[in-house]
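In the two assemblies presented below, subunit A is common to both, partnered first by subunit B and then by subunit C.
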Partner chain A sequence: MSIRNMNIGMGVLDRTHRPPVPPRPGDTVLELNGVDVEIDGRRILDGIDLDIRAGELLSIAGPNGAGKSTMLNAITGDVPVTSGSISLFGEPIAAWDATELAMRRSVLMQNVDVTFPFSVDDIVRMGRSPWEGTPDESDDDMIVASAMAMTESTSLAERVYTSLSGGERGRAAFSRVLAQAAPILLLDEPTAAMDVKHQEMLMRLGRDYAEAGCAVVVIVHALDAAAAWSDRVALLERGRIAALGAPEEVFTSARLSAVYQCPIEVLRRDDGSLVIAPERPAVRRHVYGRRAFPLEGRANLPQFDHVSGQGKETR
Partner chain B sequence: MTSPTRTSPASRSAARERDTRIRADAADLGLAARTPRVGRTALTFIVLAAGLVVMTIVSASLGQLIIPFDQVLGSVFNKIGLHWLDGPSRAFGEEALWNVRFPRIVMAIVVGAALGVAGALMQGVFGNPLAEPGTVGVSSGAAVGASCSILMGWDFLGALTTPALAFACGLFTTLSVYLLARRDGRTEVVTLILTGVAVNAVAGALISFCTFAAPTSARDQIVFWQMGSFNGSRWNQVALVAPMCVVGVIAVQFMARRLDLLALGEKPARHLGVNVERLRFRSMLVVALLVSSAVAFCGIIAFVGLVVPHLLRIIIGPGHRALLPASALGGALLLTIADFAARTTIRFADLPIGMLTSLVGGPFFFWLLRRSRSKSGGWA
Partner chain C sequence: MTGKETAVRVAPRVTTRLAACGASVLLSAAMLVASALSGVWPGAASSALVPSAYAAGASVAVGVDGGTLNPDGNTAVSLSGSGFQSVKNGFGGIYVLFGWVSDPGGDSWKPSQGGVTGETYKYVPDDENDPAGYDVFVAFPGSSTESAANGGEIAADGTWNATITVPGARFTSTDRSGNPSDVDCTAVQCGIITIGAHGVANANNETFTPLTFGATAPSAADTTDSADSDAAQSGRSSESASGSGATGKTGRSADAGGATTADATARQTVGTALEGANVGTPALGVAGWLIVAAAIILGIAVIVLAAGFGGYLAAKSLLLGVSPAAMEQEMARRERRAESVRAREELNTAKRRRKQSERLAREQAKAGRARGLLADAGAPVTRAAMPEASDGGAVPGRTMPVDAGTVGEETQMLAPPAGETTVMPAVAGDSDAPGGVARRAADIRGFFTRHAAADVSSDAALSPKSRISPETPESPVTTSFRPARGGEVA
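Now for the complex of A and B:
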């Protein structure tokens, strides 16, 4: 036992943490049974049943407010479930202490903000903290370096995290999560601030992680990416799972259009991959102010003579 | 467990090449790239420690009775059985050193270290650069205890009554602010700070009442207690305060790495295995202990806990493993200097040290505020 585990103030030693047993591919590592979550009397999740297996990448999609992040928060134990149960490696979340949970699942939240000016290297190294005092600790330097190399953030190592751009922060934070080397990876919109190249890089890494026998759960808004990289997708709608299964089955034009309340087209390429895009009207280019922007009230925008339809600017 | 990230079914030579590259990167990050900051940190520690030693000698040497540096050193060596230099040559030199100046200097060191560490701990544990022991009412609570004791003229513990009550009330106020801010087993930082504001207001009112109700001599005592002073520090007082401060300063070292993780925010820290509430509770306990014992004999000394950690964070970076001991040294150095100034600026007058630290600390903090606002990327 590391001396750092000493229980300051109480003078008692913490109990030892159970090290994780690597899951076998196909094992259910995370299970949600009839999970309801109510926050301030509002039902956010409604009877969620979901099992997540080692070796798969599961994407969670759905409109804003469908309960995606709440579901992830319930899985991490940050939001208490109103009813139902969530189990991790066959035991309820509450049966594990914080360090044991950290050895089993790593979490990337949206917008990780850092209070003090830590360098990227410091931040990634923080991912190793659950392993402090275990034999794995001796590989910290290698793991940290390779996690940064994978996300192409090695060159950022000495930069102060808070001085990075959104996409760079995303990569640094993702490196930290990789360095944690937990068999379950939970990612909440990891690609949000990234450019296309790094979005693809991140999903590719998630894929590699899953193919190595780990479980990856990722919340994504880019439906194409979800379709391309996932084993299964879960489509959430108003706190329920509207559909769960292979991307080709779940992502149909009719279902997506209904769930997002917006016409969405799903095309299938010759190789079977999906192209998913909202139906958009043809845009008339270079109209030069022939229509007013419909903001009501007195606004300091160009004014037009609507009645005559001349489109003549009056100011 | 092996890392699940070692995956790609690459060819053997490619894998070896990658491995070499990673090892090179690891070496870079582990050694080469970290050297500047390590060097800087070591230098900072050396400068602070050297400064503290020099200040101790200077402060012991100068005053109404001037004792040359070599005689100060000689006296110290004599005490530990080495007869390298001669002790004080003038009458009462030995007495002035060992009964007046050294207890006072040691008290300043101990209190400064306690306040510096407590400040760094508070800022770390709440991930908020504005947190300061005063925020959660340690100082004002202690002041209420001291004021009541002075007003009522209690002496059930003899000369220790006022310090003991100050200590107890400081501890009580801090823990009650913490417990009041806690709800459903969690504490919101903003709630905590606002609870502190409310409790500080009540404490302020109680102090005002004590000041109002007290007869003139007691009123003076109450007012001067709140301005802080190391005047009249004795070895027996040091013996009471020092052990608590030493224990506190050592205890926080074991929290350092987890405090770093809190900079990521509460939830990410929890995801990395930190029991955030437990860490907070223990930190508050240590802060209450450190600051209550620090202010018990010396009164309120503001701004040390706020300014010292900020300044050191700029120099050695935000990692708590270095920041906490550096804040202890920095706080000790700052208070030895401040106490020296309080003693010698005006002849035959002992300025209140709390007044001095606030006078210098206020504008300095303002400068820090401007500086960190102008930098993108928050607090340095």
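Now for the complex of A and C:
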């Protein structure tokens, strides 16, 4: 696991690190001003203006190659910014040293691989390393246990990280970034490998964290999850922000279809929540294999009668 | 088993004893060597020789054909000997040879004094089957091998005449074993050698008459003179016999009035100098040799000790491999060591934790002095307060927009989030906030304490459609889901 990917700095026993001042809801904690990023002559980000505020869950959506991960990398300092500025808690990124950065923002990258066979408990504890030597160190045990309980990773505590499935790794890594207890949480597709239950669980935890007064930025592919859980959405298209606002404002059929270049339908339910799904044609099914419904009875759908070799069956 | 153990225990003692014995043996040997060397070094003098009474008698007169010895080809040299001992019907006679002797002015090269061919004298060998005349045999009258003599016989009055062929200035001689040895007569002093024939050493008939190459023919008179003075000198015992002989020769050669060219004298002196050098040992001195010997002994001792220690370790590990009891002892010892290390680490960690908590308690006490109490129950005590904010909880000099404008009247100490070190001024008595979101500082620690006992799995049963309202720290929340409440914050 490279330190870059973990982005938690080094736990140096140095009291000259300035601890973060906890922000109040609505405070701008992270600001991008006219940020341009060019890699190998290609302009990946073009004039990004974004304010990230405490107490808010901001989702960043967009098609592949729009620059979402690059923007996250620019915020963490892994990618140099060609022009423009990024300020963290009012000061440029370079004004903070590594430990101070780690105290202020925790990052979960897409790649959660680890080189060495650490146990999950060790990995979650690594998230506490910026606080080593500070008075908050005494909360380590409580916070680590709480973080693991929140993601249902307590049963994985003694497991070796490299033996976990993708979803379990994602949850363990999420526990680590939670345990870091930084006021800004940056997540790059945290639910990529997870089933729907854990995906919802993680999004809900992110929401809770935002409501505790922190700023949470999530890059998601699942537009309906973004619509359901976020306070604001930034839609990125080819390095620019195509739209920025509440999900209801940003996620319209026309805009989404244009940005993703795929017909997308946005339906609004009665309570105001959004259902976002691509427009799919009705598929004529060819069912050749065996069918089984162990829990319920067989669904008596006439159109499938001719398929089964058993003919019409009464239960 | 015990035998092996005792063997192991004995082995180190034995090894060290062996090492000690070896060292002492080496030391005594080195001492002997040093004494021998020291004995030898100043002992160039010990080659003092008693001159042979007869050596003064025998002499050889040399007549070079053509006047000069040709350094690159054959030169015939006529010889006439006188003063030799002639043994009627004696076995053998004399060999007359051309070559180099190690001690031209003295007797140490002579076979009667222990000289050995190839070492103290080297002569031009001749082919027995096709003799070129390099070697001449002058027989005793009536000798059994007289027929082989190509130099005639020694008359009863000790005279003889013969002709020898000198092959040139450079030749290769062989010693008894057939090992070849090159001789360059322009670099060393060569001449006519006479020795007893057939291996019968006869001091009376051993002579050396020096000859020089490229020089104008040394007249018979000159060579006779030099031979006589040589003989005379060898009658005297001298430390640097070869040296003085050489200077004497050189002096006379110069007096001969250009008879010898400058190169010839140079060659002669060089030759004699080389001969002188052959006698002595490198001038290192007693102290130097002692130091060398000491260094060698030190090196050997170190090697022996290292070998001994290595042997001990090898024997120990062998024993461990062979004997389970010893292995268990070793494992137990290692366990104990690991335990002590772990215990020490535990102690250090405990000490550090204690220090942390003490520091925490101190800071809490400091904050407690500045704490303002709230009406609502359950406001946890703050954990850390920076010195700048500890003066009575005054508002730090920072302009933060706060609702309801009640800054400074009452300071509400909240459960600070992890890492907070400043006191945030907050809105007190928030009930007059118009139903909006209260602007309180982020409560990250509270987030964790709330979820510490959370049973997340129960949330799945709740309806996902309910709106989530902002949390309040006072309400005992065990799950993160609440059914829709008013947005009111107490």
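Definition applied: the second predicted complex is superposed on the first by the 271 of 315 C-alpha atoms of A that agree within 3 Å, B and C clash if a C-alpha of one lies under 4 Å from a C-alpha of the other, contacts with A are read in each partner's own complex, and residues count from 1 in each chain.
The definition used in the following text is that a residue touches a chain if its C-beta (ideal position, glycine included) is under 8 Å from a C-beta of that chain, and two chains touch if they have at least 3 such contacts.
A quick note: this is a predicted structure, and the numbers were derived from the prediction, not measured.
With subunit A as the common reference, subunit B cannot sit beside subunit C without a clash.
In the superposition on chain A, contact is made by A:152 with subunit C only, not with subunit B.
Of the two partner chains placed by the overlay, neither subunit B nor subunit C lies in contact with A:170. Once chain A of one complex is fitted onto chain A of the other, the partner contacts of A:190 are absent, as it touches neither subunit B nor subunit C.
When the two complexes are overlaid on their common chain A, residue A:24 makes contact with subunit C while staying clear of subunit B. In the superposed pair of complexes, A:247 makes contact with neither subunit B nor subunit C.
By the touch criterion defined above, A:200 reaches subunit C but does not reach subunit B. The partner of subunit A that touches more of its residues, comparing subunit B with subunit C, is B. Residue contacts after overlaying the shared chain place A:67 against neither subunit B nor subunit C.
Using the contact criterion defined above for the overlaid structures, shared-chain residue A:214 touches subunit B and also reaches subunit C.
When the two structures are aligned on the shared chain, A:136 is found in touch with subunit B and with subunit C.
In this superposition on chain A, the options for subunit C are 5-13, 257-265, 293-301 or 347-355, and subunit B clashes with just 5-13.
Common to the subunit B-facing and subunit C-facing surfaces of subunit A are residues 19-22, 103, 136, 139, 142-143, 145-147, 149-150, 181, 183, 208-209, 211-214. Contact residues of subunit A toward subunit C in the complex are 19-26, 54-55, 103, 131, 134-139, 142-143, 145-147, 149-150, 152, 181, 183, 197, 200-201, 204-205, 207-209, 211-214, 228, 271, 273.
By the touch rule above, subunit A contacts subunit B in their complex via residues 3-4, 6, 8-10, 19-22, 76-78, 97-103, 105-107, 109, 112-119, 121-123, 126-127, 129-130, 132, 136, 139, 141-150, 154, 157-158, 160-163, 178, 180-181, 183, 208-209, 211-214. For subunit B in complex with subunit A, the residues that touch the partner chain are 1-8, 21-23, 25-30, 33-34, 127-129, 251, 254-255, 257-258, 260-265, 267-268, 270-275, 281-282, 285-286, 313, 317-319, 376-380.
Contact residues of subunit C toward subunit A in the complex are 353, 356-357, 359-360, 363, 383-384, 400, 416-422, 424, 437, 439-449, 451-452, 454, 456-457, 459-460, 464-465, 468, 470-471, 480-481.
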